[in-house]
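Pasting in a structure now, in structure tokens, and then I'll have a few things to ask.
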């Protein structure tokens, strides 16, 4: 890192003050994914940011999926995916692999990384402490063991926070019969944030944010009022894969989360900048 | 279940009283493995026993390995095992599979089962909260990423107990560089029991206990003083795979665990009978 | 006790599980009296049952009268009883004897017995901590110093429970002038149970329960809805001494006790069976 | 009460200040007996004093015997006392009567009186919470069920104090078999004071204190160092019934009680004057 | 002090009992001023009274102004006062002097005095912990930096009480820009008492109380219902400087203070007599 | 403030992480004085730094003197200073002025400033809660009411920290007779830091630190081991007013403070840089 002048250092720390104050003892849920998860450098930056936020009194909860690692493992195991209306069908065997990869590999590896950066963390999944209640998602077509969340019991999360741990949550859960379900990580993060009354839900993505013209990053929309979302969908500005993601944001805000942000996970330390400065690094919904 | 007379019911409950009293608020570590783990009926009985013990005020900690499931997964992934002096060599890829299977599949499935029986549980591994500190085991021959425990931080376990959860612990851990190590589950259970100052360490096995004549179950030795173990080894009564297992018992007792038992996991509810009655179901070491 | 098979033992313990769960941290008030109080064997069984229930996390409060011991002492002291409409008139001297026998003999003897069985108990009466507020009962005819409860302050009881003691309560109290009153033990138990928001009020009696034909024990009514009580009185099924007893049950349920049971104190361990199994041993009112 | 000038009132209250300060949160054990217990006026004054001391933050524990009431009850019951070497022999029947009178009549009547004066109190005996461990006193001659204290568990007393109650303790106890023993109240008070680490043990008597000439009240010895007691016995200044009483004082001081006083219970409010002024009202041992 | 008979001592202490009981754990706010503040003897008596009240479990909060010391310091500094409609105009320089004298001299001197009498105290002003929120008083004419209270945050006061300190409060405060304001001490005491839900607000004055005929002390009105105040003003019985003082009493009562008293600070120990006896020493408003 | 690049921001925040971690929940005592106290801009920077450190979990205690303001007030009041051996003699009148200015003006103004920057603070002096015990300093010549610290009771400071306040301490105290003493602020800060077991004592000065050549700022000695101080004095490197200041550092380290720093208060945010970076801004003693 280049040498930074003492005065600039002081100014930066000083400028972060009102934000540290604002978020003190508040909950921030970070949905972690995309490039920020696959690039070792970006991953390092995210881990370090989360530990830092914890140290200054912010209660960070890390929620993650792990798409590429699941695909890789399914490939190695020779399990072929059947697609239904463009979506992967999750049979029982696949659901088991998803759990194994998310809760056993990705989750515990994140736990280790956080601890490598000086935080204490606890790796949980939706089954631990019956945190996430789930039932089969009723969609137009049968998607197999894809779960719809029917309730969130925050006790395991708040207990972990109270005991000084950073909770890291893999988005798989089991129903009362022990059947494993895969859950969409954005949705899970939104529901967990809502149940915790979080101050902020941050969805890390691989895009700059919501763009008015999706080919021109200079057309970033920095702030969207959730009531304008239907109109933006109608206009086609929100389209494709952004629709379910932004609907998670809307859902979270409607259920009481103060604000949610879609931030660019390709920028190092984007979480830190989002939380501790007055400069957004993506699109804010509230 | 056959109809049991009210008086007999009362007598049984009543007889359990002094044992419930004795173990109240004490820690019991159960190393779970063998037939009790592979037979669904026996697994059900173990889960129900542990939940019951928790309800009557005993703090049960479940430690598990998962040999057969690891082998199965290695097989499916086409990872061939190299053997060194009869022991499986754990390369980096194998260590990752071990973690994934133990912490992601076996562990979370046990968590679900306990909750299916009415308990609240939390699935952890040695990395969570930096519970198990580990370094490369220095053996005669290089075994790869097999870990030797250098320390146990019980905070994640006691926090879980204090918050009302049954901790379920997968015996994998990471060193400070994030490298995954496989750990012998008996050893891990012994060290955890010692660190917790447990009242009892129960190792579930597929044998009746220590037999004077290994072909005759009627020669069960119900009680061994740990100071007699070297003599029994010399005599050949303790031999083969029993040696490391019983050395775990000795180690646990030496480090302060009041007693350890090798019990027959093939008998349904053997834990319950061991803890709540005056009839041992295996061999007790203290 | 006859030898019970290990499997049966395990089944019995296991079957008690959901009941232990249900009553965990709940209050159960036991009104102790009749044969269960006079037979040493039955008394022993009751004491042991209460200590056991305490150990598995149920908060038991023992409320007792002591009719036969009072009569015996009055006899020894040559105090003759005057009867008013079939009821004993309690003059000041008698009231003092009632207090002395209940609070000094019966109560402290129960305290000792519970401790002999491994529980810690505290012997209180209605005066301690001004637990039971009392005034002269206004009945058709003057019954002397028979008290009507005007209020219950549960603080001494909940304090004792919180400090780990089993409260044993003698049903005598004093008014603000220090005048001693005798109180009907069934009524006191009902009011205490209501004030504590008890899960269960158990009245131990010398009968099998409410019988449709009072000469035929096979006509036991296992369950009565309190709204049916007036009709059962009109029908003559509830009659005589059962009327005030059952009115206590009704009163307790009306004031918020989840259920009350009239159980047969002549059966050993009837409390244990009532609480920890699915087989009632008398009549349940709710 | 005569009209007292406002300034004098203020002076009196003001003068009590350093003593209230000194005793704040300290334990004072009062052995209550003699005239102060039989005269209604003196009893009223004692009760009011104890409640007042409690209100200003002093933790008072009241220990009592009840000689005259026991004798009266034994008389009414026609139980004749056998004397051994001048001391009453306590047979099993007598021991039961002692318990009944002390724990059921005297104790609960004191509880009522304290509450009549505005305090909250709890009436206990040595059996409650296994407070006083007791065995048969081995004396020169067999005295029957007279108990020697083998241990004091202060938990029931400190629990009562912590919960805001004034503990009132009857000096009877039971051994582990449930056998009732009578205990000398001075001895019990001394042992309880020692176990509690009391600041002051006050023994109320019917004499002015230790007199140099027992026929001349003007020869009161206001202060005795416990190391001088053997000499005073040898000189005959401490003699007769004063010997065991003063040996209790010596015992208490030796076991860590800061000071003990023998005060004149015939003077109204002698406790208040002893504690809250610089004028002793008897003899102080330390 | 003259010698007071032991019995009278006991009677006085005893008589104070119900009042100590009544005020136990209640808050009493004392506005300290006038002669009681300037005469060393009276000051000593007030300090001692407050420490005594604290010792018997009453939570006393001392609020003070310091008119004469302010005038003296302004004189020494040669700052001339401008008067507006008979009221002193507080310019910025004067406001600084007021703060310095009140918070630096009078306040800390009171803290020392209380500690000299055995209490532990903490000297605070309205700025500490942002206790008193203030804005410029909008009166008919501009009075400069005279503050109107817009809110009271009792946390610093209740924290001090909880930690065992007697809070001593100087009635100056700062607005969010750091500008110092002088605040009327009677008003501040009334608002603090209201915010604390005080049991009693005592205003110390140099008069006997409210007199029907202001030249005849025998016409003291011992008790006024706040609803009668407007009528008493109309009648001219409340007039001049008494009007704002009594309006503070009315305001305090209206905001929930149980009672407020105007007492004669020229009588030594008038606070003690007011609180701990049935004889008022001034006029009570409620 | 100039625009700082997001990445630099993130790097600065990130780099501060290990220091925030190191100081978490530790006590840092800042002796505030010199230019940093007289320049409004520097004062603003100090206040903001302290609030920021508090927000990230560091317990900052601010100790201050106030030389220039005292001199100014003494001048305004026409109090002439007598000098003894070059030191100002503190007569009783001067001591009163010192207290008034320090505890009433400087202290409360700092409290306001901290709150203006978003912290909650409590202004105390050595008399509050009898924090600083003091006696007349015995020096070669009589210096009047200059105090020597005989003890520090940290309760008022730790209570304030526990309740979430930043304690601001004026270095005046009173003896048990109420006599005011002036105390050297460096000494007071050192003793308070020692009593609190502080991690760091920071003395703000108007120099760059200890210089090898006092005319050449490039000769700054960044680190001194306290055992080398006598030698540095002998060499003349530590001389004049630096001697007592550095002796405070030595004293603090000897009494258990981990390290003390003399930092340059003329550099804005020097505290922040000292605590949260690896670049010292003065001389460190340990």
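In order of appearance the chains are A, B, C, D, E and F, and numbering begins at 1 in each one.
Simple rule for what comes next: contacts are C-beta pairs under 8 Å (C-beta built on N, C-alpha and C of every residue); 3 or more make two chains touch, one makes a residue touch a chain.
Just so it is clear, the structure is predicted and the values come from calculations on it, not from any experiment.
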**OP:** Please identify each chain that touches chain A as well as chain E.
**Re:** F
Subject >> Distance in touch steps, counted as few as possible, from chain B out to chain F >> reply: 2
Original post:
Where each step is a move between two chains that touch, what is the least number of such steps from chain C to chain F?
Top reply: 3
Subject >> Copies chain B and chain A - interface residue numbers shared by over half, same or different >> reply: same
**OP:** Report back the single chain whose CA centre is most distant from the CA centre of chain E.
**Re:** B
Original post:
In terms of CA centroid distance, which chain is the most far removed from chain F?
Top reply: C
**OP:** Would you indicate which option in D-E, B-C or A-B repeats the interface seen between C-D, with over half of the contact pairs matching by residue number?
**Re:** A-B
Original post:
Using CA atom averages as chain centres, what separation in Å is found between chain D and chain F?
Top reply: 57
Subject >> Gap in Å, rounded to a whole number, between the CA centres of chain D and chain A >> reply: 69
**OP:** Averaging only over C-alpha atoms, locate the centres of chain E and chain F and give their separation in whole Å.
**Re:** 35
Subject >> Per-residue overlap in chain B, given as positions that touch at least 2 other chains >> reply: none
Original post:
So if I start at chain A and go to chain F next, what's the full loop of chains?
Top reply: A, F, E, D, C, B
Subject >> Interfacial residue positions of chain E with respect to chain F in the complex >> reply: 76-77, 96, 99-105, 107-109, 111-113, 115-116, 120-125, 127-130, 155-156, 159, 163, 165, 172, 174, 176-178
Original post:
Can you list the chain B residues touching chain C in their complex?
Top reply: 1-2, 4, 6-18, 20-21, 24, 45, 48-49, 51-52, 55-57, 118, 267-269, 272-273, 276-277, 279, 281
